[in-house]
Structures are given as C-alpha cells and as structure tokens.
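Take this structure, written in structure tokens, and hold onto it; I'll ask about it next.
Per-chain residue numbering starts at 1, and chain names A, B, C, D, E and F are given in the order in which the chains are listed.
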C-alpha cells in the first residue's frame, strides 16, 4: 500500500510546488532553451538535451559490456572466476555516486581529455559533434562515468534474465552439436531478448536520474552544447546546483518543474522496462 | 565438407569466447581504478586519528576532521532506517501473503519504479514537504528523504526473501489449520529473516552513500551537531562540496571522506551479501 | 494412438490360440479317420503330433506370462489374455482325448474286424462340427453363436448314453473275451468323444467371459 | 464346507460408512468452470483415489475438501460437501475444518526447523501442554513409519532427510493434530519407486484409522493402494472437469462400466 | 518394507488354493468310502459338494484376475499367482473325477452286491496318499518331495492295467447283463482313479514351475 | 505342424548387432565416483532401458554417451565406450559425435522460435541448403508423429504446443540431423499418462530405424517399451553406481538372475 501512495504523493507534491512555473511557461517550458534567473525566463531544453544524450551514450557504451558480463556470470564452469566477477560487479554497484564523481573529476575526465577527446577532435574535428574540446569537464566524460555506473544494473538484471532461461534449453542446444557461442547467440540470448531489453531500459532510467557524479564532471553550462566534448547540463545536476540558491517564487518552481519532468520521464521508462523484464523472467519459469 | 564447416564453427567460437571475456575484464577496470585512487588519495587524510575526532576547520588550519559528518550520516541513516525498515518489512510480507493477484502486481510495480526514482527528485519532495514549511533545513528532513529512498528497497528485498520460501510451505501451514497471520509471522518470516536483514542492510548502505536527497534537506553543517532538528552534515556532502573547491587541503579532505564512505559502504555490503548467500542456500534445501 | 507393443503381443497370443485350435481339430479328425479305417499308423501319428499341441500350449502360457509382466494389462486386455489361456488349456485337454481315441484304435486294430456301429460316425460328425464352430466363434468373438454351439452338447450326450447301453447289453450276451475287450474299448472311445463335447461347452463359457466379463454355466 | 462360499475377495469387503458426501459440486475459477456437478461419497477408513488426465480438475476437487481454494482469488464452489453433517463449502469454522481434514502436497515441504519442531509446530500453536505435544510427536512419527529412522536425530534440521522421509514427515506433521481425513495430492510424483512403495504401504496402514483421499497421475498406483476410485475427465466440449465413473477399485480396473474409463485405464485414450 | 496389499492378496489366494486342496481330498475319500460301503446317499453328497469346489475355483480365478489388474505383479509374484491358478484348475478337474466315481457308485448300488476286488482299496489308498502329500508339498514349497510324489504315478498305472485286464477277462466269461454293467462301471472307477494320479503329476510340475520357474515334464 | 515349434515370443527375437559397447566405464564428479566398472552392449535398432533407484547414476551414464558431462566442471570418465569403432570418451570430434548421438531431456525445452525453426536449428548450423533443410524438417516431424498436428502451424511459436507435443518436438529436433542413436532421460516423467503412452508408441516405431537408450524411473515403462534392460544400483558401501544386471527385458522381468533385481522389480526393495 505504502509504495503506490508514496509514488503518487511525490508526483502530486512536486506538481503543486511547480504549479507557478507551469502556469507561467506552459508547454513552451520544455522546448525553449534560455535559462535566465535574472529575467526569470526559463526553458528546459538544454537540460533535457543533456540528460538524453549523456544517457544515450552511456547505454551505447555499457550494453555490450553488460551482456558480456552477464554471459560470463551465467556460464557453468569457471566457478572461481564467476564468483570474482560477480562480487566485482556488486561492489561496482555499491560504490556511492559521489565517489564516482570525485574520481571522475580528478582522474577520468583529465584522462579522457588528453587521450580521447583531443586526439579524436584533432582527427574528426570537422564533424560538429566531435569538434574541439574546451574544458576537461564535458558531456562526454559525464557519459562515460554514467556508463560505468549503470553497468552493474545492466549486468545484474541481464544475469537474472539469462539465468531464468531454462537449463534444458542450453543443454538441448549443446546436445544438438551447437558450439558455446551458437548456443548463447542463437538460443539463450534470443530467449532472454525482451528481458535484456528491459534491463537496458532500466539502466536508462538510472542514467537519467543520476545526479551527483554527472554534476561534478559535466561542466554545468545551461546551453545546448555544440559538441559532445563541450560542457553541458542535465536536469538532475541543474537542480542540485541551483536549488539552494534559488530565491523568489518562479525560480524554485521552475527547478521543481524540472524535477517533475525528470521524475515523470524516469517513471515511464521504468514502468516500460519492468514490464519487459517481468515478462521474460516470469514467463520462462 | 561438414568437417571443414565444423572447424570454422569452432574457430568462430574461440573468437567469441575471447571477446566476451575481454569485455568482462574491461568492466572490472573502473572498479580497480576507483578503489585504487580512493585509497591512494584518501589515505593521507584518513590515516590521521583526528580526522575521525575533529570537525572541519577553516582552510589552512591543520587537524581538520569529519567527525560531525560521520555522526550526521549515522544519525540520519539511523532515523531513516527506523522509519523505513518496519514499514517496508510489513508491506513486503503483506505483499506476498495477502495482497492477491492484480493489485499485488501493481504494488510491486510501484515499488520497483520507486527504486528507480531519481534521488534528486526525492530530495525535492522531502524539501517541499518538510523544509519549506519549517523554513530551515534539518537532519530530520534528510532522514525522511533517505527513508523514502530506502522504503522500496526494503519492500522488494523482503518480498524477494519471502517469495524464496516455497508456496508449499505456506500452504502446508494453512492446511494444518493455522490462521494466516500466524503462518506469516511464525513460519514465513523466520524462514525469510536472513534475506530481510540483507535487504535492510543494503538499503542502509545505499542511503549512507546518497548525496542528492540530502543536499537541500540535511544541507550540511560545518560544526558538531547531534540535534536532528538542526542542519546536519554527512560524509557524501563533505565529498561533494570539498571536492569542487579549489583548495588542495579540502580536496584531500574530500578524498579522505570518500575513502571512509567507501569502506563503510563496502563493509555493510559484503557482510549482507554473505547473509544473503546463506539464505539462498537454505532456501535451496527447502 | 493404440498401444502398439501390447496390441502386437496380444495378436501373437491370439494367433497361437488359433493354431492350437486348428491343430486340435485336425487331430480329432485324424483320430476318428484312423478308427474308421482301422489304421494303426495313422493312430500312432496322432499320438506323436500331440507334442506339438503341448508345445503350443507351453508357448501360450509363456506368452501370457510375458505380456502380463511387461505390459500391465487390465480390464478388456487382461480378460482377453486370461480368457485365451483358459481356452488354450481346454484345447490341450481336448488334444489328450484325441490321443486316447487313437490309443483305443490301436487296441481295436489288434482285434478281429467288425462293422463299426453308426453312432460313432454320428458322434464324430457332431463333435468335429462343434469344435470347428466354436473355434470360428472364438475368432469372430461371436458370443451368441457360441452359446448355441454349447447347447448341442446334449445331442452328443444322448448318443453317448445310447451307445453305452447297447454296448453293455451286447457284452451281456457276448461270450468271447475279444468281443468284451472290443466293446469296452469302443465304450471308452465314446466316453472320450462325449468329453470333447464337454470341453466345447467350457470353451463357449470362456468366450462369453472374454467378451462380456461374465462367468456363466452353459450346458 | 459352506464357508467356502463366503466371499473371499477384498473387492467384496464391506464398503464402510460414507465420511464425506459430495453432492452436485461445481467449481469455478472466476469465469472458468473447473468442475461440474460432481457427486460421490468418500468411505470412512478407506482409501479413495481420484484419477484422470492432466487438467481434469483432480487437484481442484481435492482442494475443495479443506477449502484450500480460499487462497485463490475469485475461486468459488457451488453445491454441498458434507463431512460429519457439516457443509464444508459454507462452514465458517475454517481452522477446525483444516485440522480435521489434513493435507499432504506433491513436493515435500519441511518447515525450516528441526524434525521434532516440524511435527510439534501445529500442536504448540494450538497451545497443547508440553507433555501432550511430546507424545503427539512420538505417536505421529510412529504411525508415519518414520520414528525408527529419525528417533536419533529429532533435532537435526528437517531438510537433512531424504525425499521419501520428508514426505513421510509431512504426513506425520498433519497426523499430529489428529485429523480424521487426509488428503494427498500426488504425494509420490516427486519420489523414486522405492520411496513411492513405502508411502503406499504407509497409506494402507493409515487407512485403518484415517479416511484417505489421494489424487494421482499414476493409475497403477491408484489400483495398488485404493479401495475406491473416481475417474474424472475434462468435458471436451465445455472444458470443465466431470466425474465419469466412481466404483470399488477392483471393479473399476476389471470391468469399468463406462467406455471412456476402459479406454483410459487400458491406455487406448485420445 | 514389503508390499502389504500384494502380500495380503497373495495370502488370500494361497489360502483359497489350500482350501480347494483339502476339499478335493475329502471328496475323494468320501467317494471311495461310499463305493466301499455301497452308500448311495454318501455318493449323492459328494456330487452335491462339488459345487463348493467349483465356487472356490471361480474365486481363485477372480482373485488372480484382481491381483494382476491392481498389483502389477512380476517375476516371483507373478509365478506364484499363475502357478496357483494352474494348480487350482488341476484340483477342480480332480474334483470332477471324485464326482464321477460317486456316479459309478450310484450305478453299482442298483446292482446285486458282490465283494469289491482288493485293487480298488489299494489304488484308493495310493491316490489319496498322493493327493495328500502333493498338497503338503504345495504348502511347504517342497519341490524335491513333489517330484518324488509324482513318480508314484507308475504304481497306480500298474494297478489300473491289472484291474482293467482282469475285469475285461471276467466280462468275457460272464453272461448276465448286470455283471457286464458292473464290470464296466468298476472299470470306469479304476480309470478315474488313474486319472487322478495323472493330475497329481501335473500339480507336481506346477509346483516346480512356481518355485523355480522351470517348465518340466514329470511321470 | 513343425513350424508350430518355431519360437513365437518376442523375447526370443533376434538380439541385433551391438551399436555401442560400454567397456569397464567408470565416472567421477571431481572426487566423487558416480559409476564404477560398467560394461554392457547397446543393441542396434533396439530400445535399451536403464532403470534403478534415484542417484544410482542412470543420468550420469546416459550423459557419457554424448559427452554432455563436458558441461560439468571436474567431471571425468575412464574406460572405453565404443560407437562405430570410435571411442566416445577420447574423441576430439565432439560436434559430429553429438549430431550422431542425439538426446531428449526430461522437461521439454522448445527453443524460443517457431516450430519449423526449432527443427531446422541444427541443420542450419550445419549449413545445409534450404531445400535439404525443408525436407529434413518434414521428415523429422513426420517420423516424430507430429506432422499432422502441427503442419498448419509450422510458424507458430513452439511454446504454443502442449507438453506431449513439445516432447515430440524435441525428438523431431534431434532426428533432423539424422542421428543413429537417441538418448532419452526420463522423457515422460513430466507428462501425463496419455502423452506418455504416445511417446512410448513413438519410441517403438523409431526403434525400427534408430538405436534408442532410455533412462526411466518407471520400471513398468521400461518393461513396456524396451527390448533390453540394464538395472543399476548404488553400491551401499562405496556409494558409486554399478550395473547389477543386464538382460532382455522379458527375461529380466520374468526371471531376473540377480536377487537384488528381483527385489527391485517386485518392489520388495530397501
């Protein structure tokens, strides 16, 4: 009982708090891109853009790795290795995001800047999206740290889904003379297909909502970045950064509305994901 | 012909295998790096005893510490647990044992969605609910925010643990003519206890590591304070704020706090995993 | 789908039973033929061939045993099985009568020839027909007709008793020992023919059981 | 000589008193009708087997007798099921009912506690005195033919027993609250043949004091243990289960009255 | 644990068989007693009591049927079952002989009294002892002794043939029809006694089968 | 008359050529020895059943024949298992082996694809031409007695079939790469009696072209379908499984040579 109440409660409360902003900017809020506390003129587009792009890149990077990990985790044999990897992933999940943040800020971002962003833009700079990096903190480094952070969710859920694939399926395939790869690629993964997709979307949900680590490395610039190597902003991080300073009535309301948008998106994504995961896991049992 | 093809298949197989293991290895690199750097950069600050005894000091004055943050984290997580765990456990058990069919699956969905709720939004929620009316930040409101984050985790892990108990156990209990609540309380709960404890611990670990929800609820406090009605500091806050300052001393302090935080969280985690393993083994025997 | 193996085994069994039937029939015919023609060799052959009948009977029992222990037959199937076994043992017994008639023939051949009285031809006819018909009924599972065949037993009995009395009367008159032996022997032949008819009645009862599951007393 | 005529076959034994009378029972899972108009009587201190193909409603029927179906949302029973003149379907006294009518499930389900506590569990909750509980434990294990095997390890975790022993433990557990009827839903389908035969023998012994109803997929088993057999089928047209034939076991397996029964037991079905 | 139900059913079956045995034994005794004492009532009683034997035989078959269809016996158990059934049918048949002897007795009582020749007493003794012993062997599953009992058959045969010849010779001399009838009747009595001995042999074979599973030819 | 003497009983049929020769086979799961010194021959185009109590090593033995035990870390086999003069245990050509020796498992496990693709799975792996695959699909479904039931729904997801059909699909699937031996591990224990009898009949038909080895808990089933039966027991002292008796089925169920066999099949065991 508590869960649904809470869920709805959160939405309602935030909605009321955001009401002033909503009534003032209406739908335009989502599509305009200027963010000016002085003129009290607010548009969410840059943040939405930042959020979506960072998450997208993160997913793109994390999914293959996540599935690979899941396969290793569900492989019989190599019990020792399996245990090690399993614990490793669990630890990866346990580390607080703020720790990822500080690490990304002082280690990851500089590394990426010097060894990835600069060379890449040097060679492919003519492509707008890859044009010259200005600062170490960038949308790209935020995406990478996000990828690391959602990896556990991804591989853990994928593992559960793949585990739920009946043992007999794998055995039958092997008994037909299929190789390990053929078995996993043609039988096991297809059987887990929608579940793995669900895992992906679930991870997406996490990525969208992730705040602190991103805030620390994305560079916090309220505009739509010309290149993935430029600073940007996400819904979550702008709230984190500005809410405490926000004064007056509209400014906080606007921030809360950002929160509302964020949470609504996250919820929808989650619902979709969960339904998918649940279908496979329960279906196959 | 067949022979040739089979050779080719074996070859493909080897490639695929190595690729998969390679990627897995790659996945573990960040872990090593994060832990490594946290330890290396954190130790200088964290080895000093006063780091755990003193509170923050103005930049330049040596002997600064994070005692107040540790205390703050402890208090807020503690209160949060007191709120979230009982409620969570009860609704978790209820979910399996009573709530039936469609309704249950909705509750479950809601809980899952809450698990994935952006923590920053939860922070906002708590702010609006408790901070705004009182017009000042407080450890209590931080605790409430954390409680909201913990609740779904507790519910789901509890439910998971209870669900691990085979339905036949419950049925056998009922078939003996025992009332439902006794079966739930004296048969199912005990059997599921380890799993539930695990859930609680995991939830606490997660809460202890959260920053966003307490940014503008607990807010932070540079001095020693045990009064939950006042603003409170917490380890994550220290890391977050100090890391972004230009002062090396504070940055070092941030790393130190990070190390403590990581150590804390990992200890809770590993121990709880261990409990969980036992639970699963037990369930296997049922 | 039917139960292939069980069906196959049951078929084998039925075939065995039918082969016993035909063999018995020809044995009786042969025995009576030998009697009519006073042919000791033919009589001897009947006695020899009885072993085949016994062998078939052994196989029937073995097959029944095998089917029960491997196929767990119940109801209809089991009735079939046991019914056929009952019938087989009746047939085996009938075979013994043929053999005994053959033996008597052997004895008669050692005695001075005299015309055989008509009743024997008659009884032989009747009995052979009975045996033949009951086997038909077994094959076609014709319960009604089987009951009908069983009733013909009375006719045989009548003939038997008449023969008996006449033979005894004859002995009363007659004086030479050969005559006496001859009469006694013929009397025993008649006795065995009558017994065959009794067996037919039992087979009829078994057919009824095997089809309907009812245990009845016929004749 | 005359006593030679006295019937000898156990098939012709006295049939016993009716203990449970099922009278025009129909059952629904929400919209879906699972049983239609089932009527027969379960004899006291006899073993009654319920057989039939998968999905014909055997388990459903069994779970009516102790109202286990209450757990299934939307499940509904119509008609009368009288046990000791009380209508099971409409009774309010659920707990007493379930103590009187015990149930053993397909997979053995030991409580996560010692062997002793497993058996003592229900009696204790019923607030019996320690002494009474102690002897209940002994008597139940004894009559479940388990005492000799576990008397030295009463405090070992139940999960350390073998599959067959666990199933007998489940039986002992429901004997502890001395029921008069015991329901068993495919109690042997998770066991190997040896354990199965042991349970079957146990049933036969228990039938001296208890009324036993067993659902089984395995008709040979029904034939071996039961005194009466009920054969059910799912009505091909209307998709609900119905009772095709109910008869003394020996009769049903020798001369079933219904053609469908004969087809089923001789394996000529479908 | 043994299979309680199966054991119980098998026990019932064995008991039925033993009861048939004792009944048969007493029937034979009664029949011969009646013959010795020329007592038509006693003879009549033997004929009546045969129904009990048939009833018991029916029950044996029914029980066998029931056990097979409900207990799926194999190997040892199945041999027991079938073996007993074989034996039961031999016993039932033996009962018929007793009845026939009783019938003959009926006939004899209608004829002028004459001392019964010694062979009958002797044969009777032998046959009754054989039947008695073979039943003991069945109960105690004593294969060796059963084989031994079977061999005594020869003794009975010898006596039978002697009786046969002497009776035939007698007829040859004799002139009155009564005498002839009497001789024929006595001859049939002897014949049936001899047949009983044959049955004993078969029972012995069945005992061997039921214990060892081997099918043998004795006597 | 003479042919009357010719043997009639299927028990006395010709025994067939040996197809697989198990020669002093021992098997280990790491330290634990599961099989010790098993030797017997599997006749070509006959059905050989392996029976025995739980845990005696039936499945283990079966999984040696197609090297499934390779999936179990630390599993090791000793001795020789010759099939067409090739030693299964030491062979390197695993894929060919497993195509030659197909396997059907306890629970039906349809691949998450259409009925057709399930059957076509292995042939496609072998890179057969579309035409050849197509006919393989037809032939396999045909001989698995499934064609008529699924020919109109070849593209429906396999999971839409019933339990019995699924099991026949699994059989069709391994027929597709025309193996010469088919291994079945309790193929019916998840099915109801009707589906079971269908599968049994199917086995009998398949035995005309294939060599079949079936592991089953259900000795009546072994008795019903098999031509030869191997009875295994776990050695009470040393805890490894061993072969107690191997004989033509009719013989083993009528006159077992070993006392333990007789005790087991008559249910007087343990």
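Rule of thumb we're sticking to: contacts are C-beta pairs under 8 Å (C-beta built on N, C-alpha and C of every residue); 3 or more make two chains touch, one makes a residue touch a chain.
Just so it is clear, the model here is predicted, and its values are computed rather than measured.
> Please report the minimal path length, in steps, between chain A and chain F on the chain touch graph.
1
> Touching both chain D and chain F, which chains are there?
B, C, E
> So using the touch definition from the top, which pair is joined by more C-beta contacts, E-F or A-B?
More C-beta contacts join the chains of A-B.
> On a CA-centroid basis, which chain has its centre farthest from chain E's?
Centre of mass proxy via C-alpha means gives A as farthest from chain E.
> Would you mind pulling out the distance in Å between where the CA atoms of chain B average out and where those of chain E do?
About 91 Å, centre to centre.
> Starting from the mean Cα coordinates of chain A and chain D, work out the distance between those two points in Å.
55
> Can you check how far apart chain A and chain E are, centre to centre, with Cα atoms defining each centre and the answer in Å?
Roughly 96 Å separates the two chain centres.
> Going through chain B residue by residue, note those that touch at least 2 other chains and give them in order.
Counting only residues that touch two or more other chains, chain B contributes 9-10.
> Could you say which residues in chain A touch two or more other chains, in rising order?
In chain A, the residues touching two or more other chains are 179, 182.
> So which stretches of chain F touch two or more other chains?
Only 95-96, 125, 197, 220, 223, 253-254, 267 qualify.
> Would you please name all pairs of chains that touch?
Here the touching pairs of chains are A-B, A-F, B-D, B-F, C-D, C-E, C-F, D-E, D-F, E-F.
> Quick one: in the complex, what on chain D touches chain B?
66, 68, 71, 73-74, 94-100, 102-103, 105-107, 109-112, 121-122, 125, 157, 159, 170, 173-174, 177
> Chain E touches which residues of chain C in the complex?
58, 61-62, 64-65, 68-69, 72-75, 78-79, 82, 89, 168-169, 171-173, 175-181, 183-184, 187-188, 191, 215
> Under the definition above, what is the set of chain F residues touching chain D in their complex?
Listed in rising order, the residues are 53-54, 163, 192-194, 197, 217-220, 264, 267, 269-270.
> Under the touch definition given earlier, write down the residues of chain A that touch chain F in their complex.
76-79, 166, 168-169, 171-179, 182, 186-187, 190-191, 193
> Which stretch or stretches of chain C touch chain F in the complex?
Within the complex, chain C contacts chain F at residues 1-6, 8-9, 12, 15-16, 19, 23, 49, 52, 55-56, 59, 62-63, 65-66, 69-72.
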